[in-house]
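After this come two complexes, each holding chain A, first together with chain B and then together with chain C.
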Partner chain A sequence: MTNTQIPAVRPPQPATPPAPAPRTAARDRGSRLLATLFLAPTIVGIVVFTVVPIIGSVVLSLFHWNVIDEPSFAGAANYGEVFTDSTVLVSFRNTLVFMVFAVALQLVVALVLALAVNGRMPVWLRSVFRSAFFFPLVLSAASISVVMKYLFNQDFGVVNWVLGLVGVAPVPWLTSENAAMATVILVYVWQQFGFSFLLFVGGLNNIPKEIHEAASLDGATGLRKHLNVTLPLLSPTLLVASVVGIINALQVFEQPYVLTNGGPGDATRTVVMVIYESAFEQLRFGEASAVGVLLFVLIMAVTALQFRLSRRFVHYQ
Partner chain B sequence: MTDSLTRRTLLRYGAYGAGAAALAGTAASWDRLTGADIPGRDDGSLVVATLGPAYGPEAVRTLTEGFKEVHPDIKLRINAVQAVDWSDFFAKILTQIAAGTAPDLVYVATEGVQLFAQRLGVPLDDWVKRDAGELREYFSDVHPSLVESMMYEGSLYQLPVEFNAADMYLNNQVLKRAGADFPAADWTRDDFTGLLRDMKKSSGSQFTPYFWTNRLWGGVVPWLFANDTNLLSESKAPGGGWLWDSFYPAAARQGRGGGFRWTTPQATDARVEEAYDYLASLIQEGLCTRPEGGNGQNLIGVFSTGRVGVTPAGGFWAGGLHLAGMKADGFDVQYFPRWRTQRMQYGAAGYALLRTSKRQEEAWEFIKYAARKDTLTRLFETNQTTPARRSMLTADRYRETGPNHWQVFYDTLDKFPNTGPIPAPPQVAEVEQVLLKHTGTALASRRSVAPALRRMQSDLEKAMERDV
Partner chain C sequence: MSQATLSLSRTRHSLAPWARIAALAVCALLTLGPVVWTVSTSLRTPAEAFDLPPKIIPTDPSLEAYSGVFDQIDVWLLALNSTLVTALIAVGQMITAGLAGYAFARLEFRFKKPLFGLVLATMMVPLQVTIVPVFLVLKSMGLTDTLLGLIIPAFPTAFGTFLMRQYFLGMPKDLGEAAMLDGCGPWRIFRSVYAPLAAPGLAIVGVLAFNYHWNEFFRPLILETSGQNYTLPLGLVSLQGNLGTGSISVVLAGVVLSMIPAVAVFVVGQRPLREGITSAGVNR
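Let's look at the complex of A and B:
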């Protein structure tokens, strides 16, 4: 280990690296082939079950097809109908309203509960809360909605019965235009917030304790510590939770379908309900596909916007 | 170097393109692959699709084993499709058709008779004429109105095996609590309103006298019929004489035609508005529930426990209430009250033969088998519906389940010859959706009736203009 063994100045290197030995190139090709083989089942799955149906929907949206007769080419006529159909337009408005309130409420509830569960409490109690909050997510949305329909029935539901005990008049939870959407959002959030909750619990556990300790030493307490330390460090998790939440909310179907069947009027009719009704009840598969394509574009646009905005608001450690 | 790479890249993409073109060409030149192309999928059975909830495992076994005894050479497969309602059922059948796995026969209710007849069904006329001798006993036992409801433009598409008219079920315990008598057969709308008020006075706050479900059958439509109007103008198609002349006496074939036609929307008709106004006033007065969509699944519980006094339902409810634990004398049934008329509504069901079937002769044998009295007796022994055969409605059948006035079920047809089917043109899915949607908003208050009906009229016109 003398100086003579390590030159102070490295000798000049050739401008281009020597060509790899043929044996290495063959090994690379083998590795690539192996990687391709490992990826093949996933790629085939994505192509067969995602890419092909998307292309199929786009193609179908250019045809009139009622399942019974041969499809006939319609060009952009289905899109024209979609943009002039008041039910479709209302369903897009409803879906956007639903998305904004449902996702916001879901994230707030999940975050507050995650912070609470992450506080000081016995380990067993923490496990109980985690399981309890996650439990609704593993249940079928349709089954939950059937039960909720009983609970929120204006005349015979338990909710109004309990409210009646304290003198509150029966609330038309599912039969009034104003209350129905709020009820559908409540039921949806109750079932869905468990996913965001789990993400937040994981995210909170990943924040080093030293940072909180340092913030405390600097005088930060309570809400200020959460706003200035916890939230910025949790922003990558918030991004994931909001992206998944928004994609799911834009595709909501089971809860409004079972609880209100889109009513009263069109008050809770969502885009996916319109797709189902157009295709499978009214046999207008072309128009249904056009609505599906528009929803796909909307989801892509919203997701892209989220990622673009995330550059400003998301902080990676 | 760059030139060589470009050439290689070009060659590679050229090869990809050629491969893709070859694949696309091969795919395009093939016939469309369907579910039926899956090896083993088509085992040569006659496939019959029935509504799952109405055909449990026991019913399926009864049908299959009974048919095997009569036709051991025909392999039968009953496909009980699980669905919430008829609309959901038809959606699933159409999905099967789209997938290329269409059944040979589909159990179709009034809601889908004309849709299937127009686009998918095979008229049974030639078979009925051929086997007239065998079918004479069947037609003599079935009310002509039920048969007429299964006709479309002069041809018969189904033999009805069951029906359900919207009659009024009354909870006897609630009647007693209100000190009211069982209503007379010719009771009026005002008698009905008075009864609801009496019931309301004598019961607590957790009680609603009249419950109804917002749907095509048993929702607003019975009130429209009672007020001598309809959602769509109703007329009869010409034809059908071949059937009436062969099977029905002169009195029964009076006024019969080749099936019902429902054409011009009339939601803004003064009598339609009057019917909606009446229901809105009941809601305002707390005598009636606000319309709720669905299949009335939570109704049995609230009726059997006395939280509802009156509700429209068909013969199917006798079995349903019995299963829910209600005693035979706990409830009873009466005709729908008279308003301008006492015309009532019903829905019927039978098996429709699909054009795509390759086993049409075997399918016809099944249709005849399914309409036999012994088959229906075994199939409907729990009173889960009203049999289409008059002779099956007996005191013995209803002794255990009730109701006491079981004769009302068939007399709704026999004593009220103008009783008719729910309006179900080929565009029924959209018509029903429009009806449910605007009924929900129309009944929010009495002031919202007229604007909602105007929107309903506009949407119905659009729906009826569409070619299915």
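Let's look at the complex of A and C:
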């Protein structure tokens, strides 16, 4: 078989040498020893700090334990409590609401901006925009939330002052139940959309120019071209951006913790906040672990569902 | 006919750009606005910090807020802690990911596939889910409320390992084979042939680690209970909590100080950072 007969879809393989290099038993032993040394830090670290803790989470979730007294077996009681404790239930609801709106907003904003930046403009201007949209990503979510807490303050915040200029009455951004969730979403999206934006810019660059030219020649322009041509070609990137967006959104912590501390009431309390509070403030390690296990299952389920759904909508070139 | 369609689409395109660029500029302003406001407010005296309309360029710039931060919290200690934690994690991740990535890419050993599968699988596990047992493991080691407790668990990096494996796989195999024919052993091949070529890949791992751990909040919040072990984000949030709404420009001066290294990395290492962030997404 010659090279030309290899189908084009096969990924490029590293060239194989014409003749296998001479191998000796000693060399193989050396290779194995080196591999053991090289892998030891990573594998040991992963086992101690990820694999054992996963098993530990499941085991802990079956016990009542406050660290001080002996742990006592609880069976499924901690899970039962999750479904009866109103704070925990509300936190799951909040997290799902947060996820839906934050991810949708983040994807739409990022996609529109990526399409706009991808249009014709001077190269320097494009890189200015790209850097600007990506910049919030390098800042600390906790510090940014401190800043935003001032900006969204009802009485002296800049946001209400600007709205006041156009005659809008002061909005209780952080102190009313509905507005607080919206504010947490806005602050989160402000910082996170740059990530999806970078993915989309990369995805758009990978779409061959000829396809756009062909579509334009066929009379497709503007919005229609984007809907019928660009979006299907971008669908693999959309899938990645939404999967990562959802996984990250389900773990939201810093923004609600700093902006509202879960309030008013429980209006912005998220699942990770509940894990933090029940373990490290109330010393209910068993219940915290049960919530953690459920969050993990939720993340896996949403991801699996998404890949399944996407089989219908994602087009690979 | 096609000539006409072409020119039509061209005019439609040439009408749009100004509106499009203007809209982009507004969005860029909204994105950078909070940061600009933070910097300008930190340069006002605490008494003027609440003045509305906010003056973007302070009429009477003052560094009073900055000396305020140094009075209220031990900025040097926080910065030292953050620097130690971040730098050691970044260097540690470059070492562990470089070595493990090389082993997966270029060495032969038993259980290679299942071990690599294990590494990939841990990329899916969120830190928040395992934090309770991780805390207990660290407690049993006596590492809670120490900087080492933040540093050591962050050394293994599944994503960094994956990235470095790809990086080494992308290097020509012939190089190592030529060295082997010259009589080099596995260590010499790594040390003299491949390792010197790995710098750009390691830069991505290092820059990503720096960006993530410099800004990290959740683990320090749980692990570090005494003020002397606080990192910058933790110190700033507690400063804001202690001051309530008192002196906004002092808190913002602290935020600006803590942003400087992150911004420096953004400026110097934007390319590896961008590549890292996007590939982190694509390969998750």
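Assume the second predicted complex is superposed on the first by the 268 of 317 C-alpha atoms of A that agree within 3 Å, B and C clash if a C-alpha of one lies under 4 Å from a C-alpha of the other, contacts with A are read in each partner's own complex, and residues count from 1 in each chain.
Note that in this section a contact is a pair of C-beta atoms (placed from the backbone, for glycine too) under 8 Å apart; a residue touches a chain by one contact, two chains touch by 3 or more.
On a predicted model such as this, the values are computed, not experimentally measured, just so you know.
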Looking at A:Y150 after the superposition, I want to know if it touches chain B, chain C, both of them or none. Which is it: first, second, both, neither? both
Report for A:W161: first if it touches chain B alone, second if chain C alone, otherwise both or neither. both
Given the superposition on chain A, which partner contacts more residues in chain A: chain B or chain C? C
Touch check for A:F313: first (chain B), second (chain C), both, or neither? neither
Chain B versus chain C as contact partner of A:F83, first or second or both or neither: neither
State whether A:R120 touches chain B only (first), chain C only (second), both chains, or neither. second
Which superposed partner A:F280 touches (first chain B, second chain C, both, neither): both
What is the shared patch of chain A, the residues that chain B and chain C both contact? 146, 149-150, 153, 156, 161, 280
Interface residues, chain A side, partner chain C - complex: 14-15, 17, 21-22, 27-28, 30-32, 34-39, 41-46, 48-54, 56-57, 60, 113, 116-117, 119-121, 125, 128-129, 131-144, 146-151, 153, 156, 158, 161, 190, 195, 198-199, 202, 216-217, 219, 221-222, 240-241, 243-244, 247, 250-251, 253-254, 258, 272, 275-276, 279-280, 285, 288-289, 292-293, 295-296, 299-300, 303
Residues of chain C defined as touching chain A within the complex: 2, 5-6, 9, 12-13, 16-17, 20-21, 23-24, 27-28, 31-32, 34-35, 37-38, 50, 52-54, 95-97, 99-100, 102-104, 107-110, 115, 118-119, 122, 124-137, 152-153, 155-158, 161, 169, 172-174, 177, 180-181, 185-187, 190, 211, 214-215, 217-218, 221-222, 232-234, 236-237, 240, 245, 248, 251-252, 255, 258-259, 262-263, 265-266, 270, 273-274, 277-278, 281-282, 284
In the complex, chain B residues that touch chain A: 87, 90-91, 94-95, 97-98, 119-120, 205-206, 208, 211, 214, 289-294, 297-298, 302, 307, 429-430, 433, 436-438, 440-441, 444, 452, 468
The chain A residues in contact with chain B across the complex are 66-68, 146, 149-150, 153-156, 161, 164, 172, 174-177, 260-266, 277, 280-283
